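Each in structure tokens, the structures are laid out below.
The same chain A turns up in both complexes below, where it pairs with chain B and then with chain C.
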Partner chain A sequence: MSSLTLSLAPPALVRLHDVLICLSKFSDTVAIEAEHDLLRLSALNSTKTAFASFVCEKEVFFETYAFNVRKDIRSSSGSTAGDRFYCQILLKTLLSVFRGRVDRNKDTAVERCDMELQEDPQETECRLTIKMICGLGVIKSYKLTYEPASIQHAVFDKGRATNQWTADPRFLKQIIEHFSLSAEQLDIYSDSGKAVFTSFTTKIMDGKEVLKYPVHTSVAADKRDFEEIQIEDNMHIAINLKDFKAVVAHAETANATVTARYTQPCKPLQLAYDFEGVNAEFTIMTRGEVEGETAPASSRVGMPQLSQRHTPAPISLNRMNTPRGATPNTQMLPPPPRSRSIRPLNGSSTQEHLAPTAVSDRPSASSVSMDYDSLFVPADDDRQWDEMDEQEEPQDILGWDASGRQDNSEPTLQEAEPDFPKIADTRRRPPKDEMGVPPTQRMSQVWEPSRVGRVQLTLSRFEGLVSSIENVSSQCFRSFRSVRSVY
Partner chain B sequence: MEPLFTGVSNNAHHLYTLLSCIGFASRATVQITPDGLRFSAEEGRVLQGLAFLDKSLFTSYSFNASTDTNQDESGQNDEDSEVAYPHFVVSLSALLETLKIFGINDLSEPNGSRDTNIPQTNPASSAFSAPALLMDRSCTLQYASHGAPLSIAITEAGVKTTCELVTYELEGNESDIPLQRDAIIMKVIMRSAWLHNAIGELDSSTPTILKLSACANREPYFALSGAGGPFSESTVEFSVDKHNEPGADQTGLSQTHKVLANDGSSRARATRTKMAPTVTETFLVTPPSAMGDRIKQSYRFALIRKAGRAMSVANKVSIRGDRQGVLSLQFMIELDDNVPTGRPVGAGVKAVGPVCFVDFRFVPLLDEEEAEMDVEVDDE
Partner chain C sequence: MRFRTHLKNTRTFSKLTASLSSLGKVCWMRLEYDVVRFTIIPDQGTQVWAQIPVSTIFDEESYQIESNSDAINIEINVAVLNRALRSTFGASSSQLRLTKKDKMPLLALTVLTTEWTEGNMALATDEEQSGQSDVVGDRRARERETWITQEIPIKILHESAVEGLHEPHCPDPDVHIILPGLAQLKSISDRFTKLASTEKGRQAGVVANDAPSASAGAGATALSTNSAPKLELSANMHGKLRLAIATDELRIASVWSGLVNPPLDPAHITQEQYSQLPSERMRGVGDNDESGWAKVRIDGKDWSRVLSVGRLSPKVVACFINEMALVLYVYLPGSWNGEESCLTYYINSFTT
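Up next is the complex of A and B:
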């Protein structure tokens, strides 16, 4: 049994609301972890490329804070591991509780907020009780359902970060304001005294149709505008612009300067700041071109094994047919050469880079796969499946075959993987380690679900992709429909 | 022939404000009485909203009941003791649309009395704001004879809009939800804003049921909770303010209440000797012995939500419950006079503007143990 009781003063309440808003930009649920001297709120996005964490210190942030664990009984719900308790709650419900707590109505403004959580194996209900004590004796109380969760943390080694800059969020916001609303990615590099922020959208082609038009906006800022900046020249590092915007927006409300730390592309980047007893850290996966990529991914043998494991699958698939037939084939393919296609500033040249082996349409495919870069899981079969669906033309499958030979020369994600955090709860480790499956691998890889099911999943993703693009031509629809009719 | 009823109002805004409170239904039953117009809207026989347009809202109000009595037999189900007054159904949504045809719409209402605690400080009282410019608008309601359409004529600066609404006969027996006035076991009067705030708070967890709990002698004295929501349940409890102990500073408390409540504050102070939530002016809970000392009733939240408009507009609300669990929310609406000078109102109206009442009645959800009691409600 564990119990958590805490109370918040009105200013902290507003802070907490801001934090929740920020977290809601990453995920639908917030993971709550209580320890003896801190409370951590964190969110991991669905593609596992961004992890946001707010650590509230007991002494500063809370009026009172008490957390007790009795270890004798295994908890029935939620989870206690060691001296921690953790659970997850839908952000939507929490936000509705904390919404509009600013002094709107002076008479019944909130005077104090008490939160209480009693985890008892005898109780079947999981409830977090929140009480808002308001003026004139009005007490508003909420009982929120929470659910057990296995909580993952992204681990980031600050000591190994070789690049670092610190800037005022208002300054960063000024930079963001120049970017197009539809831009998806943000590339950062420095060049002779300037730090250049470039927003871009990778071009997506479907045959001859352009599904997403590339947009580039570059803002060069003098390095003197940063409070501190130490970054390698001409090293491009790209992150998701939406995540960056969410961080900057919150840092601005918190009035804290943001520090970014990173080592090199395809390794995580961390944005961090402190305010009023809260320690905010955002670990975000980056993309980019790794220097010295000829070095093999020596530290990581899992992936080669993984692809070997699937090699026995028939390669002599029906090429004129469709992704269904291609399933086993793609599994042994390496991740697409993402490091190349990432180059934002010269969209046309990417194709030259990529197409030494007469693969004309591949750039579009590989750029799609970028979005699935993961903090935890290396690019897996599922994603390559997506790419297969993205382009229906059968000749593309040939192209994939060709790229298979480049296996060892593209170590990007595999290399990054050992840095990644291990899942907090070791019980989740997949049982088939001896097969060489990485511990963080998706269950889908281990279990090998039926192929038909897999195709349906990716088609629906494809459907989502198609609908999200504004100017979809009728031709695209037609080819989409033809793919659908195959199934 | 002289029309059966003619009413002229020079503030269509007031009529709109009142009628929009019961705007949850598309049709309303209208009854014309010598004292005013009674609009009633209902839903599923479990929710009823009543808006009474007092004759004092009209600058001229003529009702020729005598000419009518002979031709008014049909379609009357009013077995009340009184004379059979004209009784018909009109489209309420069309009537509301008509009343705001010149754009009196929500200019000042929604934020008017909800956010500003004192209704007198009307934000839209400057000389050139729209309400002031709408001064010379007049609105004439006319019901020529039994079965004739209800005609609404709105004149503004030489432009006259006439709208004739078809009147329908009553369907079946349109009886009110009975509130046993002699068996009221709970009466709570407080600022409507508190109730509105509380309901809005509960609404955020999308509950399906509103539970009301009241007790005279132990905590929680008065609590509203929303249950049935998917992820959470929430409660708003009106308790005694810990900072101002009721015994210690009688003066401080009653002073705050004098500010809040201009009338009826003396009675409020009298009840204050008992334990009562701070926000309430009147708090009387006298449950019958069969119920124990706590009154608990449940209502459909979706129905309560329909009174939200009235909650936002009103000044005060009187929450009453009878022995059978019928809940009555009576809202006192102080209509602010947008026309500061020279409004030739016939009836004696207060300086602040006329005070009107909108009444909502809710049939409770049956509780197992109280099932036998509530069966009677449905029979009536």
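Up next is the complex of A and C:
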């Protein structure tokens, strides 16, 4: 049985409302996790390409905060694992409770907000009680239903991020304001003294409806306008503009400078800021492939270290080898770096297609796939099976960590969720031990026929899914889904 | 084919495109040596033909145009153009040019904004950053430069594709009058429309004052499937304008008086023709005689969209062709004498 009681002063109530509004731009539900010294609110979007998390510190954010858990009793509905409690609530209902509650001009303005959550296996109802203590002795009580949830966090290693910038949200907002309202994607790169933000849309248009083609807007800002900026020149990285807007809008209300960290395309990007005892982090998957017509052609030049950077992440191999039955949680996994590890899934029917040479039939994938014009890249990029470069190999894939700890490298929830921590674990280590396949070996040599057969079977379903979502998703996000649907 | 120019008066350009886009998105933009023409011919509703001297919105010095046919015809989504032009507000320089990207023609708008920054975009950091890299995180007060590029997809129209497009021909107007302030006219029109809309379905669209005249339907088009309330707008040659709406439940009318019936340009017309003009005949009719009024019935919502041109604070001459059409000549401020900057709206009258 666990219990959570907390109370909020009106300023924190406003902050909480802002946070919930921001989360509602990512998902319909908010995941709530209570620990002894913090409360975490998070949301993962439906395509699992963006994860928003707000960690509210006990000492600063709350007036009072008390969380107790008795470990010996299995929880009934919400989940208690270790010394945490977690559940999820529909954002719509939660937002309606907080909407417009702090109006100082009214006599009945909220003076304090108490929240209480008691989880008891004897109780069948899961209720979060919210009490608004208002002026003139008015008390408004709400009882909200929560649901159990398996909560996962995006894993992002700040230490490995090679690119970083920090900027005032008002400055970022000025940039955003130039973009057309219908723009979907945002490409970021730097070129000498400029940081260039380009909005674009990857919608496939009928050739005749030229006028409905989306406008491309690019804004080149002086790097000095950033508080800090250390990014690789000419490396294009693209994220969903809507997510970026949501982050900037909230950072602006919180009056907090935003820091972005990332390594390279198709690896996650994290936007983070702190305010008033709240630590906000948004982990967003990036696209790396920029179509020739949608962005400056410099995308290929941008990868000076092709051979090293393009070694596939260990997870992709690992995942392919994961027996199907052991993967209920892997469907939460984001896609591997797209161009290569997705290859075997794109409808090919023979084993040869799993071999790396198959990559060459898709030369248009510019930035991530090989640059065949380059002198330094052999036609057969067999090196992708080479031993990992020590510095590059533990890449910051958008992985998922169910342990809920920010910094832990060792998942601790083996008992509660036996499958997932194992996977999360393997992904952060060198692949040698876990994969059971020497990385120098070709895929074709390791895959058993039976397993190949299984992949083929699911592919037909996969193709149907792909075609049905083709119009709504960009190619990258499509590949995200493909992983989910296949596994 | 080349086109390149710097922009000036981007506010005017932006307001112009905003007004145009309320009537329709697809705009035919014709760039000539002296003038730029904007034409919108929606499937239904009012069409507008605008003729703007190059110097009104473009910088003549930098205006360059090269074409085999002495003009470049472009089809552009004017709402998109309007949105892009927002980036030019407060800009120190804005350039518009015709370009191509992957064989797709584009109108590229390049904007440089320089604004004075108080030395930091930081919110709360006061600590000195001196000694740091001088490229990054400069905290000193300085000019901040930002380049913005908007690439608007367009279609290039061949001269043959636009040959058949002509401004509508209209008979000589029965009444011509300068409209009162469009802001006032619009707010009253909108209120009338709203009042009539609330009892939608029962409104008859019948006219308040007059018995339907026998000439109704003579040349009026019948877009009468449109169920939106119809405003009745009428005017006489004695400086009066009347705006009215009538339904089964209500009849309202507002009358302006003391307006100007502008004289026609004597250069274009002989004295003899002048006396035979219908408007002169109407002028001869007494002020209080209903037969001296010319009227049209127009769609309330369409009229509201037309009046959005009021944001340019123009002078508007309304030409009434009784029961047939209303033609508005909208002159932008500053071009009143030259008569060059003119938007012409052709509004058909609905039959009763």
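Quick notes
The definition used in the following text is that the second predicted complex is superposed on the first by the 276 of 487 C-alpha atoms of A that agree within 3 Å, B and C clash if a C-alpha of one lies under 4 Å from a C-alpha of the other, contacts with A are read in each partner's own complex, and residues count from 1 in each chain.
By definition in this document, a residue touches a chain if its C-beta (ideal position, glycine included) is under 8 Å from a C-beta of that chain, and two chains touch if they have at least 3 such contacts.
As the structure is a prediction and not an experimental result, all values here were calculated from the model.
Contacts of A:Gly135 after superposition: chain B is touched, whereas chain C is not reached.
Number of chain A residues touched is higher for C, counting chain B against chain C.
Once chain A of one complex is fitted onto chain A of the other, the partner contacts of A:Lys223 are limited to chain C, with no touch recorded for chain B.
When the two structures are aligned on the shared chain, A:Lys143 is found in touch with chain B, with no touch to chain C. On chain A, the positions that touch chain C within their shared complex are 167-168, 170-171, 174-175, 177-178, 180-181, 193-194, 210-230, 255-257, 292-293. Chain contact summary for the complex, chain B toward chain A: residues 115, 117, 193-194, 197-198, 201, 204-205, 220, 231-242, 277-279.
For chain A in complex with chain B, the touching residues are 90, 92-93, 96-97, 99, 104-105, 107-108, 135-145.
If you check the complex, the residues on chain C that touch chain A are 25-26, 75-77, 80, 83-84, 86-87, 101-102, 104, 117, 120-123, 125, 135-138, 142, 144-155.
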